[in-house]
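Each of the next two complexes has chain A plus one other chain: chain B in the first, chain C in the second.
Our next item is the complex of A and B:
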C-alpha cells in the first residue's frame, strides 16, 4: 500500500537548515512538510550560531570578514546567500528564540562581533550568536574563571580546560564537585535532567559554593537544564551570587537539543509538519523537475508531491553524500550532481590531519540562486552545499541558518503561486 | 653524561622475538636488559596480520615451516592461552584457485602433521554464511588469532618478574667492541636524550627488519635484510568468525583473520628499501578490497576501519653465496657471529614468523648459553606467560561480560573497545607515559570504529589530571594521538568511515577547537 500526499513545499532534512527552511516557508503561508530520516546534527553540535570564526585567521567581525570572503570565493555558500540575508536570518532566529518554548532562554550576539568562548579543552572559540548561558565565558570578561567538573562526567575535564585558559592569559583554576549518578557512563543530557530539578540544583549550588573564591565566574559543562535552561541558569547565578556560563563538550549536546526544540516549535507554530523516521528513497522526475519524492517510514512508502523541494539533507556526516569504495562520490537522496570533487588522479585526503583535506568542499552543484543543477525546483541548503570547510571556518550553523532562510524566500515565491494543493 | 648498566644478556629489539628472548633467558636464570628504539611491538610485530598459523599455508610450499608452525601453534595455545582466540581456520577453494591444489594441500598437511579435515560444503557455509557460496572445497585447520600487544607485554612482564629490565624508547646507537668481542651497547633515550652504556656478556640483535643496520653498528657486514612490505585492512565487523584462507599457493590478499571485534584482510609482499616506509598506495587498497570480495561477496559494502603496513624481515646472507633460495630465507635465521665472523658475544636472530617467536627465542638463548659456556635448559615450552596460568583461551565478549557487571561503577572511556577509567588510569600509571599511543597498545584504546572520536578527549583529560602534565604537553598528547589515528584512516576513507571521520572533524576542530590551541601570549585579540 502506498499513501500519497500533496504539499506546497517538501523539505528533506530536519537539521538546522531544513527546520529553518520549513519554518520560514510555513510562516509565509505555504503548506509545508519536513521529511527526515532522523534528527540532524543539532543534537551533536554546541548549539551556537557560528557565522564565521576563521578566515583563516581568527575573525573579530563576521560581517567584515564575510565581505572579503565572498569576494575572494564566489563559490562559497555565503556568496550565494548574500550578506543581507545573513543579517535577516540572525534577526529572525533571535525572534524565534523569544517566541519559543524555552521561556527565559535567550541568544545573544551581533553580526559585527564574535564572542570568544572557552571550549572543553580550554581553547577559545569565536562564535556569533550564542545562548546567554554561555556569554559569561567570554575571554574579555575580567573575572578569573573557576572551571567546574565532576568525575561523574567523563565528557568534561575541568583541569585541562583551566590549564589552557591560563595559557591564553585568563586566570583560571578547576574544581570538582561530587555528583551521584546511577550509571557510571552518565552524559551531559543525563545530568541536565537533574539540573531541571530545583531541589537538586539547590543542593549542587550549596556544595559548589563552598569551593568558590570571591571574585570568580563559574564555567560548567553545558548541562544546565534540558526543559528549563533559562530558569536553571539564572537560578544558579542567583544562588552562587556570580556569573555562570556553560561550556559545550562532547555529544550529545544539551544546548544543541534546545536549539532543535526552538526550531521545531517555530515550524509547528507556523503550521508546518515534521515527519521523523521518513527516509527519502526515491524521486520522480518530469524533465528537469522533481515532481514527487518517495519516503519510507517503517517499511511503508508514501509519495510526497509538491511544486517545490528543499534538499537540506546534510553532507557526508549525515550520509546524504557518500564516497563509495570505488572512490565515486554520490548525492544519495535525489541523485543530484556534485561539485568540488577532486579529479580522480588528485588526492582526496592528505596525511596531515589538520591540513585542509581536498574532499572538504564537496557539495551539491547549485546555481547562484541555490537551485540544484539539473533539478529546477530543488533548492539546496545547509551542509549539502559545498564550497565551504565549515569545521575549519566555524561556519556550519551560520550557513545552515542563512541558507535555510534564503531557500525559503526563493521557494516561497514559487510555492505561493501554486497554493490550493491539499494533503 | 652517561650512566652504565651491566647484565648477562642485552636484547636489542622489543618485538615478539626480542621479548621472547628476554623471557626465555630470564627463565633460565640469566640477567637481561631489553631495549627498543620505540615502544614494544611498534615494529613488525605490531603491524602483522594476527594469525597463529596452523602451518596449512606452508604445507605445500615449505614443509619445514609448516612443521614448525603446527608445533608452536600447539605450544602457544598452552603457554599464551589468554592472548589467543581459538577461531579455527578454513582453507577454501574459490573459483579463482587451481582446483588441483586442494589435493596437494591435503597431502602436504598429512605429511607435515598439520591437523586438517575436509568438511562438507553445506556445513561450512552454515558455519560461515558470508563466505563465497561458489567455493568447491573446504578444509578445517587449527588456525587461531593472537593479540600481539598482550603477548609482548606478558613476555616482558614475565621477564621483569625474573629480574629483567625492559627499556622501551631506548635505541641502540653504538655497539661496543673490544677486538673480536662485543661487550655491549650504548642506547639513547628517545624522550630524555640520556645515553646509557650497557655492558653485556652477550648482545642479541633481535631487531627484525632492522637487523642489518644493528649488525653494522657492531662492524659486522653482509647481514642483508630484504624488507618485504605487506598491507592489511581491518574491517568493522567480523565478517567471518573463522580464519579464512584461500586454498592455493600463498599469494596476496588471500587470508581474512577475525580478531577482537574486527576482521583483517591481507596481505601483500612488495620489496622495499626502507623498513620505516609505510606509504599505502591506493592500488593496493583496491586490490585488497577486490580480494576480499572473492572470499566474502559484499566485502566492499562493509566499513573499512583502518589500514597499515608491516615489513617482513626477509634475510639474505651476503656471506653465504648464491645457493640460498628465497624460500629458505623465509625460515628464521640465527647468526652466531662467533662461527660466522669470528666475533664473540654477539648473536643475530631475524626472519621467521610471529607464530614461531618462541622457537626462535629458544634457539637464540641456546646459542647465548653456548657462548657463555653454560648449560641452562629452556622451559618456555611449558611455562605459561603471566595471565595465562589457567590455560583458558581468550573469548570474544569477555570485556563486555565484565563491563555488564559494573555498569554503575566502571566509567567507560573508550566504548568501542570497552576500556574503563580504572584500567586507563592503571595503564597510565604503570607506563608513566605521556603518549596515548603507548596506552592504545596496552588497552586497544581508540582502535574501534570511531577511531578515537570520543575517547581521545576523555583520555587526554585523564592523562593530564593524573600525570600533572602542562597544558602544552596535554595538547601535544591529544594532537599526536589524533594524527596517529588519522595516519591509518585517510587512505581507506570511504563510506561510513568517511562519515565517521567527518563527525570526528566536527568534534575536534569544531567543538573542541584543537586546531587553535591557545598561545602563551595574552589571547584576547578578538574582543
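Our next item is the complex of A and C:
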C-alpha cells in the first residue's frame, strides 16, 4: 500500500498566485489539488491588487506604463504574461469577488487608473484594484480627512498618519476613540470581529460621531468586519453620514484575509482541493518532466502525481528560494535552476537598504510560456518569478494574480494537448 | 538546554528561529480569538520559549490555556512547530506546578471505560445526573455541562472476537481506539464491514489507549508508557509484511500514532513506534487512496439527507486535506455542506475542564452557528470528542463520515 493520489494538476503554494492558478484550473474542469506548507502572503499584504505603482516614477495608468515596461524589459514577468492577460485576470478577479462568500464586498478599479491611497504612516500608495471600503481614501477626494485610531490598537498611530497626509497636501487631523478591550492590546483582526456585530458597531459610531467635523471623511485602520465587511462598512457610512475608508494595517491584514477567503472559496466552489500543512519535501522526475511530488503527511509521505505542476511557493520571503551560508542560491521545492543570480565576483547586496538590491531579481528560470527551465511540465507563478522588484514597483499582487491566471491557461492547454495526443 | 532534552526537542525548539513574527498563527488560533487568558500561539510559543531555560521555573503560565488543537503549526508558512513547542511547555508547567487529580482521571479512557462498561446504566445515570455533576465540578473541576459520552455497556473488541470474518482478502489491521471500544462500538462495526465489503480481511489486535489525552494534558511520562505499549501491541502485526497497514477511525488517535507521539513526546528513536507511525492511515485517507486506484467499490445507493461536514483540527493535522468530503460526494442524493469554522472547542478533554468549558463553548459558537445555518439534519465529523461537543452545542446528531458510506453501501 502506498499513499498516492493522481490529479490533472498540482499547484504548490496557497498565496494569491497559487490560489488563482488552482481556482482557474478547477474552473476549466481540471481535477486540481493545491498543496501548501502553510498560509501564504495574503494575511500579511494590504489586500489590494497593485499592478504597477512606480516605473520608476509614480504611475497614473498601469496599462500605459506597462506597455513601456514590457517593451524595455523583455525578461520582466509582465512581459511573459502579456497585457491582455493582466486585463482578463483583473476582470475575472472582480467577478470572483462578486460570486464569493463576502456579500456586499466589492473591489473597484480599472487597468487604466491607479488609486492613490493612504498607508498607515500617511504615505500615498498607488494601487489598481482595491476594496471598495478603501476607495474614499483617494488623494483626489476634496474632503479633509479625519484619521481615527484607538489605544486598543497599538500598531496604528493616527497622529503620524494625519501629519504625513498633511505634509502631502491633504488636510488631515487625528482623533482617538476609546475601545474597551479585555487584553493589553488587540490586533486589527480582533477588532474586525467586533465590527461584524451591528450593535457593537452602532455604539462605536455613536462615540465617533461626537468627534467629527461637518465636512470630513473618516479613515479607519482596516478592521471594518471580518465576516461581513461590506455590511459593516456601508452601515458605518450610513450611521456617520459621510464617506468612510479603511487604511491597511501592519499584519495581520484583515483585507488580506478577506482576499484569501475569496480565492479559497473560488477554488472550493470549482471543486479544487486545498491541503494546508502538506509541505512538498521531494519530487520524482522522469527525464525532463516532474512526474510526482511527495508531501509530508506525518508518518508516511503522500505522493501526488500529475501531468502538470504549478510552482507558486513564493521567493525569498517565503523561504522557497534561499541564499545559503555558502552564498549559493537554491529553489528549495523542486530544485529548479534560477536566473538573475549575481556572478560570484559581482556584489549581491548594496549598502543602501532600500536601493535596488542585485539579489532582488533572482527567480526561477522560465521560458516565454512561464515553463521552468529543465522541467517541461512545471509552470511558475508569483514571487518565484524573477526579474521584478515588487516592493519598488508595487507590482507583487498584480504579478501574482496575472501569472496565476496565465499558468492556468497554459497548464490547461498543455493537459488538453497531452490528452489529445493520447487520444 | 535541559539535561532531559533529546534531538527531537532540539529540532522543535530550533524551529522557533524560523519565526518571522508574521502573526499568521495568531489569525488562526481559535482560543486566543475568544479569550484574553491565552495571548496567542506566537506569544506563548516562539516568543515565550526563549524564556524557558532548561530546568529553571517557567515564567509564562498562559500556555495552560492552549487547547493543543495544532492549527497554528498547520498554518505557519515557515514551518515553526508552534503547537509542539507549546505542548512541551505545558508539560514543563505541569511538572513544575503539580498535576490536578482531575487530569489524572479524565486522561485515562481505558480505566474509565473498563470501570464504566460493566455498570453502564449506573455510570450513565451518574454522568447525566445534575447534582452529581455539580459535585464533580466542585470537587474535581470537571465542568457540570461538559459533554460526557455514554458508555455503550458492551465492548467493540468483544464483538470483533465473537465473529468470523472472511478468511481471504488483503490483510489490514484495525486500530479502533477507546471511543469505539467503550462508547461507540457500532462505529467500529461499520469500519470493519466497509473494509470487508472492499475485500479486506480485518485483524483486530488487542489494544489500549494511544496516550493522547495524557499528552495533551501535559502528563508526558505516562503518555510515553501508554503509547509505547500500544506500539508494541500493533507493530508485530505489520512488521513481516510491508503491504499491511493499520487503519483507524479515531482521527486524533491515529494522528498521535503517526506524528504527535514521535514529535511531542520525543520518541523518534523507538523502532516499534516508527513502524506503526509509517503504516498508520486514517480511515477516510485510506478509502480515498483506494478510490484513486479504482479499488473502492462505489455501489452506493442514494441517501437523501442534508449533512454538515466539519473537519476536526486533529484530522487537519494529518495534512491530508478533507478526504471525507471527496468520499461523501460519491454518495448520490447526499447534500453535503462544508463547514468553514476552525474548531468545535472541545480539543479532547480541554472543554471538560471547569475553568475551560466556557472558552470551549465560545470557540465552538462559530461552528455551531454555521451548522444551524446550513439546515443540515446531521453533522459528520471524524473525531468522537468533537462529535459529542457538536451535539452538545447544536442539539443535532453527529456521526463519523463513514456512517454515510455504510448506509449507502446498504450494509
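Operating definition for what follows: the second predicted complex is superposed on the first by the 409 of 423 C-alpha atoms of A that agree within 3 Å, B and C clash if a C-alpha of one lies under 4 Å from a C-alpha of the other, contacts with A are read in each partner's own complex, and residues count from 1 in each chain.
The working rule: contacts are C-beta pairs under 8 Å (C-beta built on N, C-alpha and C of every residue); 3 or more make two chains touch, one makes a residue touch a chain.
In this text the structure is predicted, and so the values were computed from the model without any measurement.
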item	value
Room on chain A for both chain B and chain C (clash or fit)	fit
Partner chain in contact with A:79 - chain B first, chain C second, else both or neither	neither
First (chain B), second (chain C), both or neither touched by A:251	both
Partner chain in contact with A:277 - chain B first, chain C second, else both or neither	second
Touching partner for A:182 - first (chain B), second (chain C), both, neither	both
Which of chain B and chain C A:10 touches, first, second, both or neither	neither
Partner chain in contact with A:323 - chain B first, chain C second, else both or neither	first
Touching partner for A:120 - first (chain B), second (chain C), both, neither	first
Of chain B and chain C, the chain that contacts the larger number of chain A residues	B
Partner chain(s) touched by A:44 [first = chain B, second = chain C, both, neither]	both
Minimum C-alpha separation between chain B and chain C after superposing on chain A, in Å	5
Chain B/chain C common contact set on chain A	44, 182-183, 251, 318-319
Residue ranges of chain C touching chain A (in the complex, touch as defined)	18, 22-24, 26-28, 33, 36, 39, 73-79, 243-245, 255, 257-259, 277-281, 285, 288-289, 292-293, 316-322, 326, 338, 340
Of chain B, residues touching chain A in the complex	282, 289, 300-301, 304, 406-413, 421, 454, 457-458, 460-462, 464-465, 470-472, 474-475, 478-479, 482-483, 486-487, 490-491, 493-496, 498-499, 502-503, 505-507, 509-527
In the complex with chain B, residue positions of chain A that touch it	41, 44-46, 54, 58-60, 114, 116, 119-126, 138-140, 154-157, 159-160, 163-170, 182-185, 248-251, 315-319, 322-327, 348-354, 357, 359, 390-392, 394, 396
Residues of chain A defined as touching chain C within the complex	1, 3-6, 33, 36-40, 43-44, 101, 181-183, 187, 189-190, 193, 251-252, 257, 268, 273-279, 295-300, 302, 318-319
